[in-house]
Amino acid sequence: MSEMGSGVLSGGWEYVTAAYVISGVILAGYAVSVVWRYRAELARRRREADRQRT
Amino acid sequence: MTLQTGVDSSPAVVARGLSRRYGRRWALVDVSFELPRGRSLMLAGRNGSGKSTLLRVLASAIRPDHGAARMLGHDLLRERDLVRGCSALLSHASYLYEALTALENLQIAARFLGRPANRAALLPLLADVELDTRADDPVQTFSAGMRKRLALARTLLQDAELVLLDEPYGELDPPGFRLVDRLFATLRASGKSVLMATHLLDRGAALCDEGLVLDSGRLRWQGPARELPARGGLDPASLPEGGA
Amino acid sequence: MPYAFLALGGVLLLAGSYIGLFVAPEERYMGDVYRIMYVHVPTAWNALLAFTTAFVCALAFLWKHDFRWDARHEAAVEGGVVLSGLLCIQGAIWAKPTWGVYWDWDPRLTTTAVMFFAFIGILALRRFVDDPVKRASWSAVSTIIAYVDVPIVYFSVRWWNSLHQMQSSPETVSAPFIIPLRTNAFGVLFLLIGLITLRARLALLRLENELAPPLPASRTALSAEGSR
Amino acid sequence: MNGLLAALRKELLLQQRGAAQLFAVLVFGATALLLFSFAVGPNAELLRRIAPGLLWLALLLSSTLTLAESFQSEMEMKALEGQLLLPASPAALYYGKALSNWLQLTLLGVLLVPLMVALYDASLPRPLALLGVIALGAAGLSAPGTLYAAMTQQARSRQTLLPLLLFPLVVPVLIAAVKATALLMHGDPMGQLRPWVQLLGAFDAIHWSLCGLLFGRVVED
């Protein structure tokens, strides 16, 4: 797959793709989890406030 | 070393709005009172009413979340070491090492205080609490009442101007009761200021000058200690709202 | 506001990665593999920045006794743990084609791994302490010690592994390399700012839930002057 | 200064009663050394080469037991709080405890050495220098370990928490101590011992001062 030529590392796109995909998944996943946890906490508070009013 | 002129004549306790929370619960809410130097105060209230918390705050074992206090003229928050130097707390926790003997436990405290820590100096103190015959037995062989006596001796060792006693009668036998009465009288006679939390209304009222009732962390009644038993003491419902 | 930072960070990251992957030229020695650098280096900078933020917040909490600093501290530690974990994975992926192994005990990468475990320990400590006050002071103390430890770890690993020292960094001076690098660096930075802000708000909400509500304004004059 | 002296005498008393505990930890460390050789296999050459690493791993693992135990009696009846209220300075209490732990860990390390020599057929050309390295390494474990033990002894699931916090932190101690021990045992033709000992010294200096400063925030409310 990799052709050794002038000492240049050729190919290796599969590593590049893997690095970008994993970075994207982890960063996006963490962002989603923070937003989701924040929203869930806000919703829980609203429910609790409603229950106290009734 | 404060050179302020007011320090020597300042009251034993000036508490203003002391509040303390444990997690979701306020254990102490806005407690203010004063105790003149050389007087004694009895703290009454049900279990969990905040007596221990108040004593622990005043001894600077825990910080108040709100409020301020001066102990014998020293600021509770900014002069912690001075406050600790002039007050002694008999706490629910015995502050003892189980593996060490009674004498060794006192020796450890005496060395931190810079007092003589030899046997001859400490045995009289153990005799005061009637433990001198058990001086060389490890604390883990002691009964709950004996631990209380040893903890009491440790408190007295500090020779503090202000003594805070949390349930001194707890776990003691009748001779132990009389022992505490006697020690209390000695403290009073030597001009110390004493705060005592206890459920024994009649006993406390006979010993103390002032009384103070806590209910759910709030100050519910304040007045002369001798009026406490008549007011039903532990039952806050029978107390007049807002008191004092 | 934090959502704007998140969106901006996301857009910058997409743009920077596109340039880095498809526009920027090949590197002279490393060919295409070096393109990992465009996410790796920004992650590294921002991981360090997150831990530095955590360190500053920890100092501020011990100084001020204000729980808002504790919330920010928790958020920064968590962000730093995520970024340093990602950094280790990226480093391993990059090490394979360049050095032939996934883990090469490179001092920077190894230090990152040590930091990752140290700060995961702090997150665990926060889980296992129920009293909010103790939790805040203890984790602040741990963060300060762990942060001060980082340079010592780095130097010890560097000396330890001094036999094959090959800090081969691709040439990054010329403009075509710099643009995607900077774009992604700011992308991760804005993402991090947005996430820490949001996470700190979440931490504060949870804290309010754990602590009793503040007392109504006190009647006594002196009580305004509290310790915390 | 008086406080430190009082704290040290307190630790001395506690250690006298805890001798059995030290023995138990020693047995634990010895067992670990024995088990390591089973994990590696009966390859005398390999065992001799990695003996320094195994010695320090055994010491590191047993150190968590010693450290955790050292705060057991302090928290049981809140003896530590009682001393703070006397008042004793947190720094004096910390340094008393850290010095006592350091002494115990050094002793533990020294006692594990003959076992390592016997099990792994390791040579021991400079025993005094090795004692110095063990003392420096033990100091590096004791300083942060004492601080973290004070925390974890009051937390839930403390058995897991102490190593979790301590181990990443003491990576430099492990690296430097193992390197220095290896150089002492296998010869040091390049004169590399010095920088490693200096690294240990630097780690000790930083952590002994920093942890002493921060201890008050761990034990005070």
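Just so it is clear, A, B, C and D label the chains in written order, and each chain counts residues from 1 on its own.
Throughout what follows, a residue touches a chain if its C-beta (ideal position, glycine included) is under 8 Å from a C-beta of that chain, and two chains touch if they have at least 3 such contacts.
Source: prediction; values computed, not measured.
Closest to the protein's overall CA centre, chain by chain, comes D. Distance between chain centres (mean CA atoms), chain A to chain D: 40 Å. Between chain A and chain C the centroid-to-centroid distance comes to 15 Å (mean Cα coordinates, whole Å). Annotation: 48 Å between the Cα-based centres of chain B and chain C. For chain C, the set of residues that touch two or more other chains comprises 130.
Each of the following residues of chain B touches two or more other chains: 63. Pairwise chain contacts in this structure: A-C, B-C, B-D, C-D. Residue ranges on chain B touching chain C, taken from their complex, read 16-17, 19, 21-26, 29-30, 32, 63-68, 77. By the touch rule above, chain C contacts chain B in their complex via residues 130-132, 210-212, 215, 218-223, 225-228.
Interface residues of chain C facing chain A in the complex, by the touch rule stated above, are 6, 10, 13, 17, 21, 26, 28-33, 35-36, 39-40, 43, 82, 85-86, 89-90, 93-94, 96-98, 188, 191, 194-195, 198-199, 201-202, 205-206, 209. The residues of chain B lying in touch with chain D in their complex are 59-63, 80-81, 84-85, 87-89, 91, 93-100, 104, 107-109, 111-114, 138, 154, 158. Chain D makes touch with chain C in their complex at residues 144, 147-148, 151-152, 154-158, 160-161, 164-165, 167-169, 171-172, 175-176, 179, 195-196, 199, 202-203, 206-207, 210-211, 214, 217-218, 221.
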